[in-house]
Amino acid sequence: MKQKIGVYICHCGGNISDYVDVEKVRQSIEHDEGVSLAKTTMFACADSNQKEMVEDIENRKLDGVVVASCSPKLHLLTFRAVVERAGLNKYNYVHANIREQVSWAHSDNKEGATEKAIQIVKAAIAKVRYAEALEPIKVKSTKAVAVIGAGVAGMRAAIELAEAGSEVFLIEREFFVGGRVSQWDDLCITEETGKELITRLYDEVMKHKHVTLFTGAEVIENSGSVGNFNLKVQITPRHFKLHCNSGELQKAIDVCPVEVPDEFNFNITKRKAIFHNYPSEYPQLPAIDLKNCTRCGECEKVCSNIDFSQKTENLNIKVGSILLATGFDPYEPKKGEFAYGEIDNVVTFPQFKRIVHYCDDKLTYNGKEIKHIAYIYCVGSRQVDGENKYCSRYCCTANIHTAITVKKKYKNIHNYHFNRGIRTYGKAEIWYDESSRLGDIYLQSFEHDPPIIEKQGDRTIVKIKDVLTTDKELEVVADLVVLVTGMEPRKDNSISNLLKVPKGRDKFFNEIHMKLRPVETVIDGVTISGASQGPKNIMESMNSALAAATKSFELVDSGELELEPTVAKVNEKTCEWCGKCEEACPYSAFEKIEKDGKFMAKVNSAVCKGCGMCLPVCPVNALELIGLTDQEVESMIDALIPTI
Amino acid sequence: MQEQMKTWEYDVLVVGGGIAGGESALNLAKLGYKVLLVEKEPSIGGKMILLSKVFPTLDCAACITTPKVSEIARNSNITIFTGAEAKKITKKGERQFEAIILKKPRYVDVEACTGCQLCEEACPVSVSDEYQYGLVGRKAAYIPFNIASPRAAVIDIENCILCGACERVCPPNCIDFTQIEEEFLVKIKSVVVATGFDLFDPLKIPRYGYGTYKNIITSMQMERELAPTRPFNTILRPGDGKMPDNIAYVLCTGSRDKSVGNPICSQICCMYSIKQAQLLMGALPMADITIYYLHIRAFGKGFNEFYAQAQDMGVEFIKGKAGKITEKENGNLVLRYEDIEAGVVKEAEHDMVVLSVGVLPHQGISDVFDNQKLELDPFHFINQSDILASPAKTSIEGVFVAGTASGPMDIPDSILSGGAASAETTSYLRRATL
Amino acid sequence: MAGGKVNNSPKILVFSTEKISDPAIDMAGLLKLHYPPTVYTIPVPCSSAIKPRWILHALEQGFDGVFLAADGTDCPYGETCTEKTGQLMNVTQQLMKDKGIDPARLKMAAICSVCSEPFVKHVKSFTEYLSKSSN
Amino acid sequence: MARINPEFTDELIKYGAFDPNACYNCGNCTAVCTLSDENNSFPRKMVRYSVLGLDDEIKASLDPWLCYYCGECSITCPREADPGELMMSLRRWLISKYDWTGLSGLLYKSLAASISAFVLLAAVVIWFGAYWHFNLETVMHYGHYFEIAAISLVFLAILLPNIIYMWWLTVYKPGIKAPISVYIKAIGELVVHLFTQKRTLSCDDNQLRWFEHFIMVLGYLGLLFTTVFLDWFSTQSMFIIVLGYVESAIIFIVTFDFIRRRIQKDKEISKHSQPSDWFFVIWLFMMGLTAFLVRLFMDVNILENNIWMYLVNLIILVQWALIIVPFGKWTHFLYRSFAMYFANLHRATLAK
Amino acid sequence: MEVEKGKTAKYLKEKRPVPKEVTGQLKYYTKTKKLLLNALKEKEKTVPQLAEELKLPRDEVLFQLMSLLKYGFVETGEIDDMDEYFYYKIKNDGKDKS
């Protein structure tokens, strides 16, 4: 039992003190058992207060500390570090959340909030009374990082990690690297093409002997945790030994009888079962898509390097950290959404990019020349009825940039932008300006009044009530309607299910804290980057990839990690091995041992994750979680009930 | 100057101690690099530490900045020079730079100062407080603001009457007027430029009447009025201390405006204005808030939802840029604008107007590099020489850019950019050892 | 006890989980989704770690209801979490019956990391139920 | 439902507009414009119609005539879309649309056509002089008749039908049905505007410009009256002679200042000068100057031997009367005043 | 050049005379401070009332008053009946805190 507990109650500027009478809270607890110091502070987390806390602990020989402030997710670690600096074991610190769960949640009821804050602080004091000094568990950390996804973000992160000195496993699900950017021609800002950027990054990746690239590969199993993840990677064969020379390859492609929609071109073209997405794609080894291959064997006859004997392989790799760079899916409009799938000259933005790629001096689609192009913005973003409430960030700029390219590449093009308020933020504003000056016409409506696309005879008409012209009804005859589709989280959830990466309201991967820990997730050791976290342009993806690489590298660099010592412990007196805990444990952390002539359970603390699943199953209540003992929990419960 | 300039050696020089520079310095220090952080102000934390809350989560800015700042201050691998500037940086070769750092006297021994504020009490002078953006006064001996780091006094020598009152009351005797400007020669291997941004000065748009009409303030001033270390302890209009109940926001003040020489969008004004509007609705429940906008740029994670939330709370959004502002006798302001939706010119009366000022480059750092050119983009931000593949790279190898020095961006983007700069610096430094 | 009359609605103890449901409850505060201030939270690592004796202790000591904000399928510790939490819920309710406590005073729902609104709905309706049943 | 015509701005650019497409519809121009009000909010609406190519809406609008080009909108335009110059171009475009002969459009768009017309008329006058063997009296005699004939002809055959067409486009077609009494009541203001152009006064900082314009209009109308009806070149009345001197002097002094400003480009309004603007000020200047000199030559008795002086004056007059007045910038003066008149009809009808 | 600690201001004063504007501004501040505190001595007042009484611009009064508030000479009272202006009153008799 602690006798010298210090309690600090934070105003948090006004975030807490506007709704909670912090002085009253202080007075209510200052005479509690064991409390020797109770203070209020404007900002508990400010440097000056931290200094004061250190002095208090040292001078007054405090043996336990409580800070009542914001959520522990924000500052638990901050204050543990403070306590540690003062020479006190950091587990003698308890954090009380009186902001998110009190002042903000009950801003409508100041007295109620104050009352609740008092009980919560009392509970924290109760808990700290029984807190024990603990030493963190040290584990070895494998100096290797798995980067999932070899798009621009993944490749960039891999290069960075390799340069810093880590082993890197770059795992790509597709047969080819480059992700979404390889599907693009000239990129915004630099006019470099997507392919050129991919080539540059790929060359850089291949230069590093510490990077191992797997294509056609998927992580199918995961065990272990931060410092020591064990991943099972399944590698689908490409059925090519070597690259056949290009003449042979072309023949092999020609003879292949299978034709499937080419996803690389967003199904506007077809490809064979034996394929590469574009000439000189990386890795420069074509692949056979076994899902669609009929095994007719025609290709083998013309290309000697085809090898159908290759089998799916499983590989086990060990890494200290996992960096997710799984990217996004473009939104796929529903049939009938802005006439998509109903009127034949309505295409999505990614399809349009591919159409432009394939048209040289004349823009044509379905054999007809295109002069008037209508772009419908915010398709799949900022939805009124749909689930995607978010803005996809990149589309306004990307589309305007493309419209400019089209205008310059072909003659007599007229662009009409049906938007909901152009969001070319930052320097991208200059594209908006340029496109306007080139004669592009912008028409705006609000969310509830979208443009209408209809067929009149053989003409496609786009109608809008234009906000900029006092809601006048205007129409355009369009040769092509481009639906400017936004970004969506990947439909394939396998990796996030496997790693349990939490998702935000927008269903993209969620970081711990947008500003404090923007690339880390609540799953220790798993970092996120690029568009897997939310819509981003290339530069922003690169920034987050580099930041994520830094964080992943920090975890593996020193070769050792400190883990929370909050693991299960067995009461040796009461335990009479029944095996139920072993059954309940998802990590096989229990083993049966014999001690003093009695069988009992033993916890392997390096394996135990401290989830506590074993606790309720023990028939004799011989199990407790360090930091969450019966005594701690029950005394907290007692403290939460006002004694009358 | 002096024959024997003090010479120090570090791995990395970080110019600018705001949130981006701090993030870079911290990441590098964690990997074991010795970092010198140079900040021209007497306190680190940049502009973020002065903000009220941050969008879209409404976390208080101080709660995020202060622990980060104290982590930086405590890290043994980081040396901080406040009140200092890089005067000249010369590239001597691969991973060899030399910098001359100019350290202005603070007239206070920072180590000894306890931040007791007795000097502040004793000082007879009162001048406009730049940290409160001129809303209130401060002394000539002062602590920049409550949560400043280091929380130590500074003497504003320009406004000091050298009466010595501060010296006489200082318990640890840490005030020292014999301090002089010092120059140091620093040898480093790499440089991170994180010099941040400046705010647009609305005096450049005379038809808005800022400066003449006292109830027109900038968004940064409103930020201070809303911050926990606020000057008035409540929201007042500076013209006469009235509690406002009808506040207007004028977006794109100094952004997206070629007539003032800044054609680009500042990327943050829409969101901070929406944030302030939400905070004001909390602080002044009866107040009407109107935001005059061109396009709402709510593009980031959770931003559009935040915008929708403001609309639900009752913030009024009017599409149309304010053309001019005039003052009525009672200090209220009349905004003339075209209501674009109605297609009609209108006038609206508000008792306070906030100009949502844009982001401008903080200029000067490019002149510091003397033998190689640190190139700027057309808008005078630092040019990112390989913006798509290596956003932190500049025209000088070994010099990296972090945060708003390369263009307008919000806080999460600045922090990511700080992370990217430290990553690229790391690989630049490690390439040598491989 | 000062303020006793303010907080006279039923007292609910919520067992939340550190990584999943507690962030959701935090976010409820962030979004200013109000709920009765007589709802108290104790975070645990995983909902399947809650001992029935804690729940009984809470109910016997004066809490009107206990709410398990379970992880559901998002649990980072394993898929069996929901099932196990369900089991311990059943066990506890049986124990409650034995002791003559209304088993409906224990409630459980899966609260994902962004389920702030569902959480508030749950505790509100639970509060309503409890205040009715106590009358 | 109106269909967008993206080619319209290309057409407008021929009339002098700059980059109207650059507009991003912030409404700053309308808000800074002191003449714009709830009934007539411009210029953004006109910019918008131009960008969209809604020419029927523009033809039906009086807004371009209500603008006096102070230039504030162009100076403060965040996109440098130059709304002020667009309004100017729209006025030129409208003149060409009102004009049933179609000559205005031709002359605005083609400098070559304009110069040819000027040269042609000069040639005709010289031929006419030669035909009468450069006999001063005869030439002056017919010259005087010509003036009267030209004025009536231009007015009846060209300007009157154009005004009626303008009325049809802007009043009748949009369905403004004002009773005759309103028409009559508003006439007073029409006359006031014709003579004073007092609306310019609402433009900021424009007192001097208005004053110059005002005395110029007085000088011009006075000289017209003095030469045509008081027969300045033949009169013996001292009063009329001096009056003519003063009026012609006003014209060339004021226009000299106009020209100076157009060359110096110190104000937004004088930054962009189209050929039609130059023609207008130069010819006005020349008209004042040559008339002054003709009378001076007469009074010092040297005109007899310098008939060329009169011919120059006549050439200027003929060109003025047959090109600039019916098809050129002079029409501004008329259409503007009528626009104000028609706007009154609008307002009076709306008020009901 | 050893200068005694705690008496260094004098040393700098010799090297660097104080500009006139600075002393001028100090005088102005001291004067308005006195005026404001005297005006508040009789009873609490709002900014417009003070401005009226002292014939000073309202923004100037607010600025100085807020500085005095910060330095601890005055404190904020109740808001007026119209919920527009706060009353300000003198604290510690206008003496420095302590």
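Every chain is named by a letter (A, B, C, D and E) in the order it is written, and numbering of its residues begins at 1.
What we mean here is this: a contact is a pair of C-beta atoms (placed from the backbone, for glycine too) under 8 Å apart; a residue touches a chain by one contact, two chains touch by 3 or more.
All values derive from a computational prediction rather than experimental measurement.
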| item | value |
| --- | --- |
| Shared interface partners, meaning chains that touch chain B and chain E | none |
| Distance-maximising chain from chain D - centres being C-alpha averages | C |
| Closest chain to global C-alpha mean, per-chain Cα centroids | B |
| Chains most often in contact, by C-beta pairs | A-B |
| Computed distance of Cα centres, chain D from chain C, in Å | 82 |
| Averaged-CA centre spacing for the pair chain E and chain D, given as whole angstrom | 63 |
| Chain A-chain C separation of Cα centroids, rounded to whole Å | 29 |
| Computed distance of Cα centres, chain D from chain B, in Å | 54 |
| Of all residues in chain B, the ones touching two or more other chains | 57, 256, 340, 343 |
| Two or more partner chains touched - positions in chain E | none |
| Where chain A touches two or more other chains at once, by residue number | 422, 433, 468-470, 504-505 |
| Residues of chain D defined as touching chain A within the complex | 1-4, 6, 9, 19, 21-25, 45, 48-49, 51-52, 54, 79 |
| Chain B - residues contacting chain A, complex | 27, 30-31, 54, 57, 59-60, 62-64, 66-70, 73-74, 115, 146-147, 149-151, 227-229, 256, 263-267, 295-305, 308, 319, 340-343, 377, 379, 384, 387-392, 407-409, 411-413, 415-420, 422-424, 426-427, 430-431, 434 |
| Chain A to chain C touching residues, read off their complex | 28, 71-73, 97, 99-109, 111-116, 118-120, 123, 500, 502-505, 510, 522-523, 566, 584, 586, 609-613, 615-617, 621, 625, 628, 630, 633-634, 636-638, 640-644 |
| Complex interface listing, chain C residues touching chain A | 1-4, 6-7, 11, 13, 19-20, 22-23, 25-30, 32-38, 40-46, 48-54, 57-58, 61-63, 74-78, 80-81, 84, 88, 91, 113-114 |
| Contact footprint of chain B on chain D as seen in their complex | 24-33, 36-38, 41, 44-45, 75-80 |
